[in-house]
């Protein structure tokens, strides 16, 4: 470890690997970081593809043995970018080895795995080892600003939350089978892939936790082409659920990859007694805010969240110059590195990740039992 | 009855009375009607206010006895604009007297009343007496056009329906008690007031019926100022439910009067395998339509539904000149009068109104039983 | 003249006749009027079509002699809905006969005619005879509210005005010849038809007058099918001009009927030192307002101008229930009848109409002289 | 020069330096480039600040002598990111030294300088030395896609172009003096800063050139605080002009930094005989497209230009995941490096930059001469 730097070992080099590595390369170019990330080792399964990705992404080395990445002396921080079924094993090993861990969402494929990870993270924190689950949408400036408005009381008492995450890449019933459609790898379908984001985002925004849900899920296309034959889809194609927050606010959620024409519509609305907010990730630089005190000139304000006074924005461009998807990861890296350097626990913690997992689990259990209302146990330390 | 005319007796002269009478006065000025409506008698409770309203609205006479209105020889059609607890009695009497009946929504406050009304309407139809429930949103040109696109198959197989009806006039916890907050008069709260509209609209648009729901309801403000004291609110402030259509499509619904900043946001989205639609009543002249066959220039089209080729529009103004809320009632009158004159049953029928009532009832039963999935019996003849 | 009523004689029964007659029938149904309009006589050229229109619109009588309409004892108010080349003759005769005059826009086809009309109107006003030019967009609630915000100083010093009026019904080069394309009848093309509206609207909103312009006009399709041959188009297809207000604010204008896809996009933006406004007639119930004092939560507010506290709105529906195109005419009738009854001069006056005509004339002169800056003489009394 | 790499020397390290260096660091991480950019030397005035910027941006060295940067053996490509008054001198020296040149816009502060630069670039091209002016908006995927639609004929014959570039950072009359408000450094005000972008963008989109303009400019705030006193603002605060393309299309333009609430509203609309387009840089991932062949379901399509089939997008994220401002520079680098490697001249060339300068010059001359129509000479080779 070079003084003033921190070595990053990343496992996984597909979509998430590409965007995470961009964040690791870019964060210190725009933000003042106490530790400069060094892209040390990239881990993957296939030697040639991993080596090529390491070159492309700027890693100094590559390996097909994730344990070697975790244990490398050049690595002080492990970034887990693999599918959910391997998160627990890698993260637990990394924490045990004293490495800080950034883990992609959802934290795990089961509550049991997530519990083990949260426990290990709590134990590691006592040793000064930090961990964070990569719910990057918390670092969208517009959502970070929305959180600020709510925390300041600009919305008053929260009554309604409605959140959908709509994509359409499975609309075509002829599209081929993929790992995201297999329960053993993905854990669940739209629920874990997309639903996890809106559960975390709404808990983050409100500063509150869901206490119960009722749900229904469906699989529109039960089999898809795979090789020369057809393979069963073993996850949900869409998950819909209603929920209730500890405060008494009511909420509705929907996650689907069949909403034709909606490419990445992660939309959240919050209505309070004094104000309301609306957000759509397809216009991620904008926040709609209704201030009930505006009298007869009240209307939803289209705030371009690109002012220097808005979260994260001061490091970038002048007002009105948009940020993109990858900036959310860069901000995540900034916050994580700063937390590591200053010895504080970053959010969202693995406990927060576990709490999201409990919600997803309650959704599945409700859907399996005639949509009956299902309580969600609250983990000590969640939502801090 | 003047030849070529039809005498209208209207019961109720508040908000709905104002807009219905405008429709009766206006329909034949823009559309060719086989029978010209004559505003014959207006019924109300208070003699002075009823008489003043009759003058204002252009009725030839007024009465404080609704039975006298129903039985008047000058009246061939009874328009029921009262709160829901009186719909059944008035409509049944009118049908028995051989008068055509237009009845405001929701059809009734209970399933039992609605069943009696549907049975009477079916029996009356055999005698040439017509009835219609006033779900006016079917006559928004944009929604009528949306129905056309779906019926033509432009959306393919329907997979998702999401509908909310958001208002905010109860956001202020200090706002006084009102009849709409008392169960004995209103039947239910946001559910019957707003939820009924989106249930009917989505069944109309898809040409399909809901077969089951799970639901939760809440009352945010349990007591409100009434006279010198406080009175209990005995209806829901918000109702949220998930549903499933006969086709297998999944759906979500929310009705509330606490969504601060949303004045009349009756919003519907439908996603099919070939296309999608989105509508917001706050922009009622627009329909968003995504055509999956548009290739890489695909995008939600903001259709201004103001072309002569769009439903109802040809009778009005040139393209781009907007219609307003009251036009939906004018179109309703046009369709009803034409049905009466040509001897066919108009839609939505009382059976359709009953079917909506069954959905509302299932929502309330599910909410009362831990959100458990609740089946909805399908009435013969519904959705035709 | 029945006591408490005012007899209306209308000349012309096409598009403008239809919407004006609706306004005359409807105004007193929603607003308290000191005089109830009586649709007395409708004037037109063709006896059968005029008689049929009179029936349809609800006029008691019809005539093919406009002078008879003007002179009828049943007529106290003459509503001029004909093409521009006949405005002057009819309006002058009506004023001479002591009849109040509502005249469609543009006031006339030439400055000379407009000057004669303004002079006659001023002279008639001294005799208690009122006149108004029908720039109905001043009575769009959103624009009336915008005027209020500017008058209250919410925008500060006005610096920028930009206005376009975009339609597309001439986009098709094969569309046939029409009277609006002949200079002798229409005076000008898009300039008088559409440009007149945005000139008046921006002068109304700012409370200021244009003092000079530079301009260019064009005719995209020089000939169009007419009968069995082709006929020359003798007016502009599009007019673009830049202007300067007395205050020093700069402005840009464009009027065209070739903006494919824009059906009725009369759009105005105003930027001041403290706030900004934006409006689009295709969303006529909305006003966008930016309040510079909103700090880092500033954003253009989408105000639904449907609150009871907004101009004209209280007479209609609850918040969020939209008004349409014809309401602007109803509001015009309300204001004119009230002005007549209370003996005050309504706005926009014929002098205001003349002032608009001066602007249109300056545009044409500039365009004819290499776009050179052309001063606009200010008429005494304009813009009051 | 390492084989397979290209050394970049950059002059200037303020806003443009930050975003250009990001592009040079990032391009080969997402795109396959024949030459990998090496950030060799950064040039600036102040030694400490330049050295710090070099560290921050990742340059291997820094220098306070721009000639040393240009002449460095480690530099094969010079990136000119200084204010406009120094462009000519630096670019001419670099071309003379056989270095490829990327020059920020506007190309120069005067037509004479731009002519010299264009001549030198043409001469250099014959020696295999490439040059490009950095009109980065051509590399916004939505605008590149718009260009493609127009080139394919989807809009038919172009009739209307309207473009505005609205910012608001000078709205406050108390804001201090800055170099952009001094004619000797900036050449002009909003005209060169913002107007240059929309002139280039519209010529790019239409594939056509402006042949004449009429214009007016204004300075709202003639003096601003500077040190302890006040200093004269010697440039335009706003520039408005009308134009005409070679094809006969008419156009309007406005550039201002006083449009309160508009942060970066570079908006372009194009109307053709078959289709129309609209774009707003504040929503830079979207293109509105109206296809006149869509019949009664026609409407402006909100295309999210984030599909793999859209220009540049395939190298980035899945559909619906937005790109930001800096991506336009990354794309510029990609195109320039590829052009250098393959020995072709990239666009926009210095001749294109000169042609834009001619338009700006005509605007200033028209404004100075009573807005008279002013012809624009077309440079051989412009618009290729």
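The letters A, B, C and D name the chains in turn, as written, and every chain counts its residues from 1.
Criterion: a contact is a pair of C-beta atoms (placed from the backbone, for glycine too) under 8 Å apart; a residue touches a chain by one contact, two chains touch by 3 or more.
Just so we're on the same page, UniProt names per chain: A, B, C, D = Putative dehydrogenase.
Note that the coordinates shown come from a computational prediction; the quantities given were computed from them, not determined experimentally.
Undergrad: Among the chain pairs C-D, B-D or B-C, which one reproduces the interface of A-C, with more than half of its contact pairs identical by residue number?
TA: B-D
Undergrad: Of the other chains, whose C-alpha centre is the longest way from the centre of chain B (Putative dehydrogenase)?
TA: D
Undergrad: When contacts are scored as defined above, which chain pair ends up with more C-beta pairs, A-B or A-D?
TA: Pair with the higher count of C-beta contacts: A-B.
Undergrad: Averaging over Cα atoms per chain, report the distance between chain A (Putative dehydrogenase) and chain D (Putative dehydrogenase) in Å.
TA: Chain centres of chain A (Putative dehydrogenase) and chain D (Putative dehydrogenase), defined by C-alpha means, are spaced 36 Å apart.
Undergrad: Which integer distance in Å separates the CA centroid of chain A (Putative dehydrogenase) from that of chain B (Putative dehydrogenase)?
TA: 42
Undergrad: If you look at chain C (Putative dehydrogenase), which of its residues touch at least two other chains?
TA: Where chain C (Putative dehydrogenase) meets two or more other chains at a single residue, that happens at 262, 298-300, 304.
Undergrad: Where on chain A (Putative dehydrogenase) does chain D (Putative dehydrogenase) make contact in their complex?
TA: So the residues of chain A (Putative dehydrogenase) in touch with chain D (Putative dehydrogenase) come to 15, 18-19, 21-22, 25-26, 29-30, 56-58, 167, 169, 262-265, 281-285, 304, 306, 317-327.
Undergrad: Per the contact definition, I'd like the list of chain B (Putative dehydrogenase) residues that touch chain A (Putative dehydrogenase) in the complex.
TA: Listed in rising order, the residues of chain B (Putative dehydrogenase) that touch chain A (Putative dehydrogenase) are 159-160, 162, 164, 166, 168, 171-173, 214-216, 218, 220, 238, 240-242, 244, 248, 250, 252, 254, 256, 258-262, 269, 271-276, 290, 292, 298-300, 366, 370-373.
Undergrad: Along chain A (Putative dehydrogenase), where are the residues that touch chain C (Putative dehydrogenase) in the complex?
TA: So the residues of chain A (Putative dehydrogenase) in touch with chain C (Putative dehydrogenase) come to 149, 154, 286-289, 291, 294, 296-304, 307, 309-310.
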